[in-house]
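Okay, so subunit A shows up in both of these, paired with subunit B first and subunit C after.
Up next, the complex of A and B:
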């Protein structure tokens, strides 16, 4: 099987997964107690009004018609309209998405920047103080609920020391870029942006920092015991080159695969981090939609997240196959 | 040692012992887990107060070793007119409430002890459910391969494409359709038999304790449903390789039924990684439960996550209300993760990094 066919197969599977996600969110709405009519209609609505709303929402149709309609609308990019604000769900979801992406990317950057050096140091200085420090940190990191960590960070850095804001998002990444040419002083905007992003990013990033540190450490320990390492050392390659060019590279391939699967965990973490910091992103929107039974928003959010998951994992697989051609051959 | 069709070889037990002796972390883990387990089981005997009793005049007391200043206002006659005087009053900790009290004057220590019950019940039963579902799916997929495998593993992919926390919240809404009450109450045998009362009288703590244990059934169902995928992935991988082993081929040649082969030959040989994963999953599920109760979806108020949510509103005045239950979570989860590391290092099933929060 060639590389192109491999990607095509992955793509087809990805479409299947997205279809599965769409079907699940549709079924979920249908079988969850409470009719959408109750959400939309006023409390004192007459039977006729309720009937009219049911017709407008297509709820009077047989289930399979509703399902096919839903699929057809989705294919045209229509995710329905919020039951509460009547704004198109796609608009509302994509409005909230950047704040969450910003948080997730910042957290991932923190995680990657800290965890890889920590994991490498830990593995190459096994049983030294640096290893114990990194191992204890990573154990603590995977054992701490991130919402509690967030609250503790707020307690220390916002309430007691008053160096970071307790909650909210001062400026977005886009606004900060715009400030370079815009009327607002860039430095003030950039500092406020980073200050409001700092605690949420640490809160969300800590678990992943700890997780990747553990993965890199154990992966490197495995690799370091392999025959090829001795061979490259015997060949006279400098130790740094052995470690970073060969060992680390081979370690990172499976690590990236595991992380691709953890995107759901990252977004789930973002949901609760946003709840702690009143971060105006998709997570806050999802919780609001669940509490208000605003199904189109919840469904739209889940579909967008599902698509992100599929695309990311295809990218990871493509990278994996590129780095290790044996995967394609299977 | 033999448990059903699963036998634990003397070598395995030797490895476990060796690792336990050489690793201080494994011992710390076991001690922590045993402590949390004892706290959960014997909560009605050891909790100094009833975790639900409110003593409003004792609200927001700091833990031992700390003092708190509180602003009090009162009206006073000054030069013939009434003025409001604000003064700082120092609130001292008392040994009656060693870890302080919350905004309702409930004892934080007793709530931390009782919270262990909720976390461990959900962690244990949730993991059992996830394992039953996931292992069944995974073994089926790996054993039959082909279309069955494709179908089941794509289902697993769909499940992974949802953020676990959001899926859990959505499913709580769904499951409450079948059970109006999100939690089920069972009588606490220690209290109903009168043993707790007798014991507390004996040690001089004659407080009546809650007569029921809250079993958050919906949360258990939901976390089991959300976390089955990790078990399915591991079980499938194991089944794929075990089915090629000579003894499986022999069993098939002898005419053993598929169910018998999977149950008697494949499952027992796949049990090590499943057990290690289960340990890690208990920790992950406890974290998930705490997140659900933090957001107010768990159906019980005797939960560490719920207490953290309460404490969050009093962060600037009473930091301990959110801090104490969080520390309880961290200590229990560290303990379970250390036990997981011990099992993994001793049994070496090669499953690094599967199974997130």
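Up next, the complex of A and C:
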């Protein structure tokens, strides 16, 4: 019962978020200079041609009519059609989503794999060289701009050393899975897939790694000074069990929150990394849509990202409850 | 009010050309001494001006040909200077030594022209700045999509690397009378699906562009202006008649630029979304894989009516960042990088196995000066700005020589280009003097430039503004706006909505002067910043005559 109500509440909130996003984009149309017609029509198009294109795209209607029409369509699951390619927005956006999800998940994996050990080492060897190394790394990671790191990694590892591809996405996760049974050699496909994913994932994951390292370190230090730690030690538990079973688990509660929320930011915020690596994901699509004033695509992308945020929030809350049962009691 | 404007304009026009004659003659005389220190073309510039300008414009005999009228129009524009004439933009490509390929003037890259130089040159990859806006060959009008579409689709006529018209799906073309032209459709041509090309397909394809009820609201309709429709004249002779609303001197030039032929039954049995994601043409390559917004892959079409393509596969992908395109080329992932900006040129040249190829494009870059606002309503002031700009220096330093100076709106090699006109020389003293004479000494002007739309547009605008600002009696600055902002101001059809002074680029794929001058400078042009009765008259006369090249 409680869980159902919780989900229902979140679902309603999610619809509200999506509605808000759509509304904000429509308001932005008011204040954004330039019209999609200018992208579709050549510069010297006659006023008649412009008018015809406007009618075809439905742009001749007053904005509130367009808004209501769009909401009505949306309720029927139709996100409209790209002004530029006439392809349904849902098709175009969902084609781009896997690449972005893949990158966000890969960046998170990089971050988790690096940051938790770094944070633990840092906290348990406080004021020792290892701690200084880890904290310096995280400071550097937080203060390095994403795009600069990306460009440097490409210059060194792709252009000079030729170890990784410079940009683009060779294969997707789906294609890689298909290669297990498909005609293309699995090993080649998998290698190409991982190689093209590696540098973007590192670039996107670095800031994230640094952030979580700091979080784990301070959380762990906090927990280590708690009374229960002394009690478990007094009970004679081995130090590793104290650290990893009790302290780390409690430390992970805020870490999971940040991780979940950051994953949402990664999906929407990978724009710069995607641009540097010409990664064919939602970020690249959003830039293109903004430049071309391709509003249906922009709205579709933002709706998907908005939904992603909502779902992740629900997932984080659920995990929270698992890691810290007191949350449920509240 | 309108009357006042007209009379004022006439007056200015008259004084303007008289003063220009004086000014230019003076310049040629005064510059003779140090003219030897500048480079050769500059020297001939002075000579050319002296001889042409000593004759009074009114004494010139009325032209008799279309070309003559267009050349006269270019002279008038040069003298009246409604623009700050800047440069012709170059298309700069990076290419791998694995292939042999020469770029075309019209900026389109046809894989059919690529030949392998090594074994790995058989599968060619090209990286351009953006992907297509859908694969429908008639539903776009921009180069990135052209490049993708033209591998698989063909028109009746085409252009060679220099821009001359050549036959593709037509074997013959002629004017029957003033309002009818006839194409003979090539026999034994098959679509990628195996269907044979019929005259009916050709007529349908033309109508699909120009008649909205047949096809789509095609942005190419203005490119086929005056074309009312097409019909099959004789199935046996494979002829198609195209009806025009009046004499259109550039009708064949237009057909050589846009009008890809599609398979009628294929178009009619599929919806727009499908047509935008699949291809059914007659071209030398057929679509083998399409990932929207990511890449397009072609393979050689073995039933092509002409010689088969020299390369087996051609892949087009995109990277918005120029450095990313160059990275791909340098790392060997790509064989052609489109639009290599000046700052990246050395990376391509210093790398083993890649080189730079540049070709003059069909795009002219200029600063329009609105004729109806102070101080640009004075031809003397507009000439002064032209003298104040050191074009050679901008081309050398900002564009690293990838550009050529212009002195008229029409580019060299285009129909109507006037070979007697040379770019305005850099002469700040003359500029200051002309500003004094114009009565606008102390004027403050602002140049509006789009950001990143044209190669180094902001840097060019800043250089122009700084050079004008150097004049003792004018102060100038540059202001950056987003391109769409500028577009929304210049396309309203009202001159009042435009900024007084703005940078714009203009690509003209018809290779005919009219397609630049008419929209940009004629009184009724869709983007005009200028109005001059004599110019309008010259253009009207030119449009009454067929082009000799037809």
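Quick notes on this one:
What we mean here is this: the second predicted complex is superposed on the first by the 265 of 330 C-alpha atoms of A that agree within 3 Å, B and C clash if a C-alpha of one lies under 4 Å from a C-alpha of the other, contacts with A are read in each partner's own complex, and residues count from 1 in each chain.
Throughout what follows, contacts are C-beta pairs under 8 Å (C-beta built on N, C-alpha and C of every residue); 3 or more make two chains touch, one makes a residue touch a chain.
Source: prediction; values computed, not measured.
Judged by the touch definition given at the top, the superposed model places A:275 against both subunit B and subunit C. Judged by the touch definition given at the top, the superposed model places A:168 against subunit C, while subunit B stays out of reach.
In the superposed model, A:298 lies in contact with subunit B only, and not with subunit C. Of the two partner chains placed by the overlay, neither subunit B nor subunit C lies in contact with A:11. Judged by the touch definition given at the top, the superposed model places A:152 against subunit B, while subunit C stays out of reach. In the superposed pair of complexes, A:95 makes contact with subunit C only, with no contact to subunit B. Contact with subunit C, but none with subunit B, is seen for A:47 once the two complexes are overlaid on the shared chain. Once the two complexes are overlaid on the shared chain, A:290 sits against subunit B while remaining clear of subunit C. When both complexes are overlaid on chain A, the residue A:264 reaches subunit B alone and has no touch with subunit C.
Overlap of the subunit B and subunit C contact sets on subunit A: residues 33-34, 151, 154-155, 159, 275-276, 287.
On the side of subunit A, the complex with subunit C involves touching residues 33-35, 38-47, 49-50, 52-53, 55-56, 81, 84-88, 91-92, 95-96, 151, 154-155, 158-159, 162, 165-169, 275-278, 280, 284-285, 287-288, 292-293. Touching subunit B in their complex are the following residues of subunit A: 13, 16-18, 20-21, 24, 28, 31-34, 139-140, 142-145, 147-148, 151-152, 154-155, 159, 207, 211, 214-215, 218-219, 255, 258, 261-262, 264-265, 267-272, 275-276, 286-287, 290, 298, 301-302, 305-306, 309-310. Residues of subunit C touching subunit A in their complex: 130, 132-134, 136, 139, 141-142, 212, 216-217, 219, 221-223, 272-273, 276-277, 291-294, 317-321, 323-324, 327-328, 330-333, 482-485, 487-488, 490-491, 493, 506, 519, 526-527. Against subunit A, in their complex, subunit B makes its touches with residues 154-155, 157-158, 160-166, 169-170, 173-174, 176-177, 283, 287, 290-291, 294-295, 305, 308, 311-312, 315-316, 319, 322-323, 326, 329-330, 333-334, 337-338, 352-354, 356-357.
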